[in-house]
Every structure is written in C-alpha cells, then in structure tokens.
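Chain naming follows the written order as A, B and C, and within any one chain the residues start at number 1.
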Amino acid sequence: MAVTLAELARRFHGRVKGNPELAVTRVASLDSAGPGDIAFLSDRKNLAKLTKTAAGAVIVTEADASHFTGSALIVSDPHLCFARVAQFLHPFPKFSTGVHATAVIESGAQVATTAWIGPHSVVESGAKIGDDAYVGPGCYIGKNATLGARTRLVGHVVIGERCVTGMDCVVYPGAVIGGDGFGFARDGARWQKVPQLGRVVIGNDVEVGANTTIDRGALDDTEIGNGVKLDNLIQIAHNVQIGDNTAIAAGVGIAGSTRIGQRCTLGGQSGVVGHLDIVDEVHITAGSLVTSSIREAGVYSSSLKALPVDKWRRNAALLHRLEEMSQRLKEIEENLELRSKEHKK
Amino acid sequence: MAVTLAELARRFHGRVKGNPELAVTRVASLDSAGPGDIAFLSDRKNLAKLTKTAAGAVIVTEADASHFTGSALIVSDPHLCFARVAQFLHPFPKFSTGVHATAVIESGAQVATTAWIGPHSVVESGAKIGDDAYVGPGCYIGKNATLGARTRLVGHVVIGERCVTGMDCVVYPGAVIGGDGFGFARDGARWQKVPQLGRVVIGNDVEVGANTTIDRGALDDTEIGNGVKLDNLIQIAHNVQIGDNTAIAAGVGIAGSTRIGQRCTLGGQSGVVGHLDIVDEVHITAGSLVTSSIREAGVYSSSLKALPVDKWRRNAALLHRLEEMSQRLKEIEENLELRSKEHKK
Amino acid sequence: MAVTLAELARRFHGRVKGNPELAVTRVASLDSAGPGDIAFLSDRKNLAKLTKTAAGAVIVTEADASHFTGSALIVSDPHLCFARVAQFLHPFPKFSTGVHATAVIESGAQVATTAWIGPHSVVESGAKIGDDAYVGPGCYIGKNATLGARTRLVGHVVIGERCVTGMDCVVYPGAVIGGDGFGFARDGARWQKVPQLGRVVIGNDVEVGANTTIDRGALDDTEIGNGVKLDNLIQIAHNVQIGDNTAIAAGVGIAGSTRIGQRCTLGGQSGVVGHLDIVDEVHITAGSLVTSSIREAGVYSSSLKALPVDKWRRNAALLHRLEEMSQRLKEIEENLELRSKEHKK
C-alpha cells in the first residue's frame, strides 16, 4: 500500500513540509530506510542521522525539520505519529474466518462466524469467541472462557476455564492465563492445596507477552485493567489487581493480592511483594524490590549498578559491616563530645 | 453439592456453633460470600469483616467465633480447615477416560485404561501413564517417561524422555520437565556441548507451576522430593536436589548441583548459585541471592527495599564509596588515638 | 556402541595409560560409573573419588592419573575431552524423515526431504526447513521463517514469521523466537502500539533454552551470533545484538537495543538495561544489574550475599541511612580539623 504525505498529514494531524504527493509504502529506521520509506526522529541525540538517511520522508518536529532536506511530516510528537503511521501501513494481515480442520471445538462452544480458530487449537464447551477474534495455532480455550471481539491469540496460548479476555487484546505465545494461584495451607510438615476458584479477568486493549503467567484468583478474581501492557516472562499472582494503562517490563513478578494503580510503569525484573497497595503513577526502576505499600506517585528504586568485581566486593563486604561502622561512628562522636567536655573542665 | 456443618465438623475435626443442619454448597471470601457459602477468617486484622459478611457460615477459631452472629465451624486452624473444605466442595471434576481422537499414542506406550489423554497430546513409545492420570490438551510425554497414578497435566506440558513424575502431582501449562541442563565445556573461544544424559525424577504430591523449567541431570538425576510446591516461571538447573515439602515462589532460579533441604521456603525472584548445600528449614526472603552454603536453619536475606529514587540514588552512590568511608573512619580513629597519646605526653 | 580407549585416544588426541583395548559403552559420573563406563575428573577437590570409583576407565590429566589404578585416557583438558567422548557415545538418535500425519504443512512451505516434521506441528507458507532439520512435536514455524540444516527444535517451539534460525542449533520447548518487541508510544494516558516489523536472526550452533523469549526487532533485526548459548527463561528484547560464543545463564533479561560483545558470560538472573554497549569478554555475576555501558573486558558485579535476616536487616536499614552517616563523618572530620586549628592557636 502506498500513501501520500498529504494523506498521512490529514489522518494524523500533521503538516507536510516539501512534496505532499510523495508516496511511502512502509516505515523503516533512519539507518535502513530507502526512497519509498518513511522514518522518524524522536531522540535528538540521533539528529545527525537526519542528514544522512536515505529515507523518502521523515516524521519530525518543527524544530528538527531543517536538518532533513527531503519531504517531511511535521508533528508535535514524532514517536506517537510514527506508531500510528506504522499501524496504518502495516496492519495485522486479514485472516481467514472459520475453523481449521485440525482444531477441536467442543459442543456448546460459541465461535463467532467472523472469528478464526487455527490448527490444533481446542475450544472447550461453554467458551465464547468474539467477532473477528483470531485464535492462532495450538491454543487452548478452557470451559466457559470468553475472548472479546478482535482479540488475537498469536498461537500456543492457554486461557483457563472461566477466564475472560476483553476486546482488542493481543496475547503472545506461551502466555498462560488462569493457571492456579500458589495457595497452600500448612499441615504440619506438609502443604494442603487451597483450591483456586477465582478467575482472571482482563480488560480491553491489553497486551500479554510471551510466556507471561497470570494466575486465577483464590476465591475472587485476578484483574487486569484496560490498556495494560505486559511484556514477556512476567508473573502475576492470584488476586492481583492492575490499574488501567499500567505497563510492566519483562521478568517482573507481582505477588498475591497486591494492587497496582493506573499509569504505573514497572522496570524489567522488578518485583512487588504480596498484599501491597501501589497508587497511580508510580514508576519502579529495573531490578528493584517493592516491600511496602506506596502511597505517593513518583519514581522508586532499590537497584544497584554493577561495578568491576574487585571494587564491588570490597564495598559489598563493608555493607555487611555497616552496623559495626555505625557503632564506631557513634563512639567517635561520643568520644569527641567527651573530650570536648573534658576540655572544658 | 450441599453439605451440612455437622458433616463438615465430623470430617474435619471441628465443632459447630449454631445450626448443625445448615447446608453450604461452596466456599467464598468474606467479602463476596452469600447465604449458601462458607467463608473463613485466618488473619485477625480482617476481624471486622466477620460482622459484615453475608456468608451462611464461617470457619473460625474459638476465640473469634463471637464476632460472627451466624453459624460457624470452630477449628484450631481455620486456613487449613478451609483448604480441606474447599477441596471437598470443589474437587477436580471427573474426567472421561480414554484417548482423544486427535492424540497420538506411539506403539509401545502404556496408558492405563482409567487415564485420559487429551486432544493433540503425544505419548511416545515406552512411556507409562498411570491409573486415573489426566493428560490435558497439547501435552508431550517423551520416550520411556513415567507419569504416576492420579497425576494431572493441566495441558501444554512437556515431560522429556525417561523423566519420572510421581503420583498425585499437578503440572501447569508451559512447564518443561526434562529439558537439557546448561552444560558446556570451553573449547578455545567456543563451547562444546556436554550431552545431558540424566533424568528428572519428581516425587509424589508435587505441584509444578506454569512455565517452570526443570532440567535433566548431566549424568545423574535432578531430584524433586515429595510434597514440593513450585510456583510459576521457576528455573531448576541440572542435578539440583530439592527436599520434601519445600515450597518455592515464582521467578526463583536454582543453579546446577545445588541441594536444598526439606521444608524450606524460597521467596519470589530469589536465587541460589550452583554447588551449594542448604539445610532443612531454611527460608529465603524475596529477591535475595544465596551465594554460599547454609548450615543452619533460619531466615536469610539480601533484599533491599525500594525508596523514592532521589533518596535511593544518594544512598546507593555512597554504597559504592563505602571503602572510602571506612578508610576515613579508620583515619579518624587513628587520629583521635594519636591526639590522645599526644595529650598524655 | 562400544569403543576402545585406543580409539578414543586417537579421535580426541589423548594417550592411553593401561589397557588400550579396554572398551567402554557410555559415560557416567565417578559416583555412579560401572565397569563398562568412562568417567572424568576435572575438579581436583574430587580427587578422592578417583580412588573409589568403579568406572572401567577415566579421563584425567597426566598429573592426576596416578590416583586411579585402572586404565585411563590422559588429556590436557578432561572436561572438554569428556564432552567430546559423551557426544560420540551418546549422539542425538537418528530420526525418521518426512512429515507426521498430524502435522500441517501449508502450501508454499519448503521442507527438505531429509527433515522431520513432528506430530501437530505447523509450517506456514514460505517457510524453509533445511536438510536434516528436526522439528519436534507441537512446533509452529511462521510464514517465511527459515530453519537451517541440522537444526533441532525439541518440541513446542514457536518461530515467528520471517525469523531465521541458523544451522546446527538446538531450541528447547517453550522457547518463543519472534514475539513482538515491547514497543509503545505514549498517547496521553494510553499507549499506542508501535508495530514490530523486524526479525530475529540467529546464527549457527546456537542453543536456546526452554521458555526463553527472543523478541523481533522494531524496525531492524534482533541478532544472536554464532555459538551463542542461552539457558532457560531468558528475555532478549527487541533489537538486542549478542556477539558470537556468548553464554547466558537462566533468568537473565536484556532490555531493548543493547549490544553484548563476544565471549561474554552473564550469570543467572542478571539484567542489562536498554541501549547499552558491552564489549567482548565481559562477565557479569549472578543477580547483578548492568545500568551503564561497559568499555573494558572483566568481571562486573552488583550482587549481594544473603545473610541471617536479623543481621541483614540491621545492615540494610543503615544502607538507607548512608547519606546521614556520610554527613556525620564529614562533621567529625571538620570538627577534628577545627579543634586541631584551635589547638594551634
């Protein structure tokens, strides 16, 4: 598909500098773009690339436009505009509707006529697959589970019994939605399983990354708000609640019954222990551990930066002796005061 | 299924306060329970909920019973009793026996007549599937692997060649039991693979969470004891041994050849490096890293608590200067002593 | 298969001590080996095992050979030689060629006649499966993806559209190669998806562990060099580049656009934030977080060692008061200097 800059400007509220009839067919990076491509600049430390790129057109701010000699789409937020242009030029391809010959649809399942069920997928009885939903190869949709309209399971996805996925979601391979929560009661030396009877309920416009796991609630539900974005290999434990538009990077773990607010971001490999409350617009840096509730918006961290190992080990050893250092500091202070008193005598 | 409090008291060693003929049909939380439901209180900070709940009955201790005006099941450990009542009221549903038409059973596999092999599952030659075992959709059981009686693979589970899973286990989707251990020998700049020839041997009454990986041993076996509970996204490396009734939370990694004792607990995202020995009843807090063997039972930690980032960064920067601080402390002490000596002169 | 020590010595550049006609059929550990087995000693702290082993033969260095009374294969690097002997005695078993009856091969896919496509696997149109490649059960090969000669997908592997896996690779179950990168543009309170249009390109002789995820690039590709070894549950984000022969342990996360050099090692659960450059031969210890580019080869760390929790908590609390401690130290120094000045007056 080719589209003119004029058309892009009209659709995405920009202004054309140069030739409005210039047509582009795909998006590309400044480094690899050719004459038929449109690229963008958002990070000004790459400004030099604007002068060197072979891109047919670029998306830039007014302020940066002078650095590119070709035609440009001028907008206030090039990254956001680029996302929209890329969505427009590279939509998810049209898919067939119907059910692949190798898929298993149990009786009592409701599959919309505009949906697709891929090869070797299984849809259990009572499950509902919404309009224009796409269930890729090798998926499992449990009993009475619900998949909203236009939601796309890329393939190899498991949606457990009774779990609900909203509209316009995308779920990547290996994601497991609705495994049992990790709930056991001590029974002497042994553990008794606490049956996990709740569901996972996911809102609209949610992405769930590859191999991410979201456990069903113990009694009530685990809840993922609208617009939440989950990267790969994330663990969401039972009865967690995640507010709208929160984004969580790969490798994060959130323990049971914790509530995360709206518009939060959690950096990669960070963790939040159980039964906490995190308010809206809290940002956790990569690798940090949240061990108590957070009542105020802001950025929180406990991450340490890797150093050359010798230097690090000497410092880390002292960390384990901080108590002693603190004690010595106190003694010095007392000593100084004592001496000072003696002095005065 | 409806059951009276009298029957529950008889089965689970409790005492009825109120109406012994009151019947309940399901468990629920104090917040969401209705007249036909039984809830429980274990955490006394929720005591106020007892007065507000619409539950038909509750499971409580003698001491807390007075806070609930309805009928109650009085026990010494409400959480444990609740687990048992929930198991009784919400058993894993009866399943069909036999082999789904789309499953592939290679010749030489032995599948018990009371077992179920779900759609698109594959059972290789020499594999043995025990009585009443449940193999959900999309599972793979490798050559000569063994699945014990009543063990349930929820679906999308891989059990590698020759690996053994005991009786009464539950394995959640995406778990991979018996991938190769990560074993390579340096060969100049390159790596030579060390074939991984051992097995994974899992005891009875074990749970393995979603997307958890347990690698086969290099030469001897990786061993998971009876009653071990593994949450999601855990890595158990080759030749690890885990003692009976140890419970491990999500995101934990245990490196090769480490031995963990019995009745240990490992908090979420904690890690244990390789070739260590951890005795029984060791508890590791979330996010901690164990880098040397632990000889004494107890709680161990190296976790840091996230703080507002500005405060954290100032402290973390100083952590990297601890050596210098320690040096300055020493100088002050010497200085003070020096001056003290001078004084005496 | 039985092979004589003489033959092993010839193939793997060793020297026989004792009986060159002694035949062995498999490798085993010193602890479990019997008369027909060959074991090895690399770690000298296990030297005592050499005198007790029932192994038919051992692989040892010249220096250690005297501790074993039986026949031995003398080499300079027993671990490396053992890897080769184990590969020789325990090759990956010959597999059938062709396509399993339950596999789905879309028209336009090219499958080499010497390759195997296992049960319930799907190969999309335009995909190319190389000579002697092995695609285990339940795999998904996306449109126009390429699998090199002799590459083995153990089973339950997903290779996304257009992604390239080189020759002689092994990919373990649950690995997802070519999920979308985690790319979104802020759009007020919401997130707009940035379509992920790049590929994953993997070199030759690469291992990808179970449940590891490698995301496709946003515009350009994510690149994994030759001889790279990835353990389980690793996250490689979009546009990451990993140099040849780098080995990464389980649970590691590498954020977007970071470049890792050649022959690096990353310890378990370590993390690298995005947009960094790490030179060749950098080694990161387990659990460390790399937050800035590394320009010099060497070992880097930020890992902390778990201690008994009471001791740890007292020290960790002080870590959060380092700024205050530093301030007190300064005051003491000033105080001492002040007094010293007063003294001089």
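Please note the rule applied: a contact is a pair of C-beta atoms (placed from the backbone, for glycine too) under 8 Å apart; a residue touches a chain by one contact, two chains touch by 3 or more.
This is a predicted model, so every value here is computed, not measured.
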If chain A and chain B share one sequence, what is the angle of the rotation that overlays their CA atoms, in steps of 5 degrees? 120
Copies chain B, chain C: same or different interface, half of numbers shared as the threshold? different
Chain B and chain C have mean C-alpha positions lying a whole-number Å distance apart equal to 25
Multi-partner residues of chain A (at least 2 other chains): 102, 120, 138, 156, 174, 211, 233, 251, 269, 303-305, 307, 319, 321-322, 325, 329, 332, 336
So, in the complex, the side of chain B touching chain C is made of residues 102, 104, 120, 122, 138, 140, 156, 158, 174, 176, 179-180, 182, 184-187, 189-195, 197, 211, 213, 215, 218-220, 233, 235, 237, 251, 253, 255, 269-271, 273, 284-285, 288-292, 298-305, 307, 311, 314-315, 318-319, 321-322, 325, 328-329, 332, 335-336, 339
Contact set on chain A toward chain C in their complex: 26-29, 31-32, 77, 79-80, 82-84, 86-87, 90, 100, 102, 118-120, 136-138, 154-156, 170, 172-174, 205, 207, 209-211, 227, 229, 231-233, 244-245, 247, 249-251, 262-263, 267-269, 286-287, 303-309, 312-313, 316, 319-323, 325-326, 329, 332-333, 336, 340
